[in-house]
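Each chain carries a letter (A, B and C) given by its place in the written order, and its residues are counted from 1.
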Amino acid sequence: MELEPMDDFEKELRQTFERQPAPPGMKGKIMARRRVSEPRSHAVLWQRLAASLALAAVLGGVVEWNWHLREERRKGEAARQQVLTALRITNHALNHMNKQLAAHGRAVQE
Amino acid sequence: MAHDWQPDFEQLVDEHQSMVFSLALRMTGDRGLAEEIAQDVFLELDRNLGKIESQPHACFWLRRVAMNRSTDALRRRRVHGINLWVEMEDRHGIKVEERASPLGARLEQLLATLPEPQRAALVLRYQEELTPEEIAATLEAPLATVKSNLQRGLKLLRAKAGVYLKEYIRGT
Amino acid sequence: MQNRIMALVLGAAVLAAPARAQTAKLPAPSPVEKALAARAFSVDEVTLDKNMLAFAAKFMAGKNKDDAGIQHLIDGLDGIYIRDYEFDKPGQFTAEDVEQLRKYFETSEWSPLVRDRDRKTGESTDVMIKLVNGKTGGMFILDVCPKEISVVLILGPIRMDDLGKLSSLGGLGALGTVEKSVQDKEKKGGHQ
């Protein structure tokens, strides 16, 4: 469909509604939240590490012990991320609830 | 589904974060809320990264989800008798007189007074420069509805801006 | 931020009759959860019993300040049970689903604290607490939006002050910014 050429008012709108830059640090927050919610990269890292250590275990018992320690660490990190997910959702629910209560409180006042 | 292009999440954030944030900001008029929405949009993108087939598809997907989430947020938020003009100033953190174009600043405020469907159509038309067909696809709305919203929204905005212009001229 | 809840909980605790303390157990998933999960496009399920929480807390010890804050929050808890269902459009669940979910968790040990309903939008919030020996022994939140249902069940002694600091802990997102917006609006009194 061919659009009509923009008049001056529409050009003003186009200029006014230019995209605004995202707040500084927003990308960092996104990446941080992504790490909390998706441990894919950790899983890949730990999978690769476990595979290497399994091979080395054939050569000596010390490596087998190190693998055990790392497994413990992996499980700990997985548990930690579960906790963070739980708290994030709790925070979100509490915030929403507070907004609801605040709004209804205002409605009652009116 | 096999496709050659592999999405790079961080690159998509870099390329589109201002678009997503601006859409949420113009729909909600609230910087804090817009940032929260923008973050949620990208996290949802991360969960659905496997479904993104190309750069244009990513852009389309982000616009659609940003608009959906903004509409949801507006529905959740209670607005009782707020003086929107004053609140727009506070939320944007920019005083009207500081903007290069006072009319431009007022247009931002006037946008917030429009009904949501008209606001959505105008934001996609003038911020994103989408055609009515593209807007209809983004909003999953009939083309006729989008055209009607564009027409009515623009008419309303002109009328309100016209009132403001007259006042502004009288003021100088 | 969570002062509202804290005030209600502390008030309820004063009035509560003493009860014998026992380690609370996490419930089995309710039947309706499976149906909700099947319809949702995004599901988060976290079930951490006492042992897992202790293990996570031990792992967080001695790390950064944020982890220390979280460790303090979960220290001593008996369990955390979280379900979050996001749907791609409204109408994917019914009021009956929500009611079933709420009834499943509302056993006699739990006292309703908040019951907020919006008939127009269908949004609702239920908060219940469990009091053990006059202290908070658990908290339950059921938060319903048109496209999302969140179930939060925390068992054990909850430190309400620490819960109030949730949004300031790193890695949990910028939800504190939204809360600040609400607080700012309330301070300015712009909602008359």
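Just a few scattered comments:
As a working rule, contacts are C-beta pairs under 8 Å (C-beta built on N, C-alpha and C of every residue); 3 or more make two chains touch, one makes a residue touch a chain.
Since the structure is predicted, the reported quantities are computational estimates derived from the model, not experimental observations.
Contacts between chains leave no pair untouched here, as each chain touches all the others.
Counting C-beta pairs in contact across B-C and across A-B gives the higher total for A-B.
Averaging Cα coordinates per chain places chain A and chain C 20 Å apart.
Centre-to-centre, using mean CA coordinates, chain B is 32 Å away from chain C.
Separating the centre of chain A from that of chain B, both taken as means of CA atoms, is a distance of 23 Å.
Contacts with at least two other chains are made by residues 123, 145, 173-175, 178, 191-192 of chain C. For chain B, residues touching at least two other chains, in rising order: 35, 39, 47, 76, 80-81.
With touch defined as above, residues shared between interfaces to two or more other chains in chain A number as follows: 26, 29, 33, 37, 96, 99-100, 102, 104, 106, 110. Chain contact summary for the complex, chain A toward chain B: residues 1, 3, 9-10, 12-23, 26-27, 29-31, 33-34, 37-38, 96, 99-100, 102-104, 106-107, 110. Residue ranges of chain A in contact with chain C, taken from their complex: 26, 29, 32-33, 35-37, 73, 75-77, 79-80, 82-102, 104, 106, 109-110. Contact residues on chain C toward chain B in their complex (touch as defined above): 42, 121, 123, 145-147, 173-175, 177-178, 180-181, 184-185, 188, 190-192. Chain B meets chain C in the complex at residues 30, 32-33, 35-36, 39, 44, 47, 72, 75-76, 80-83, 86-87, 90. The touching residues of chain C, counted against chain A in their complex, run 1-2, 4-5, 44, 46, 48, 52-53, 55-56, 58-60, 67, 70, 73-74, 80, 82, 84, 114, 116, 118, 123, 125, 127, 141, 143, 145, 150, 152, 154, 163, 166-167, 169-175, 178-179, 182, 186, 191-192.
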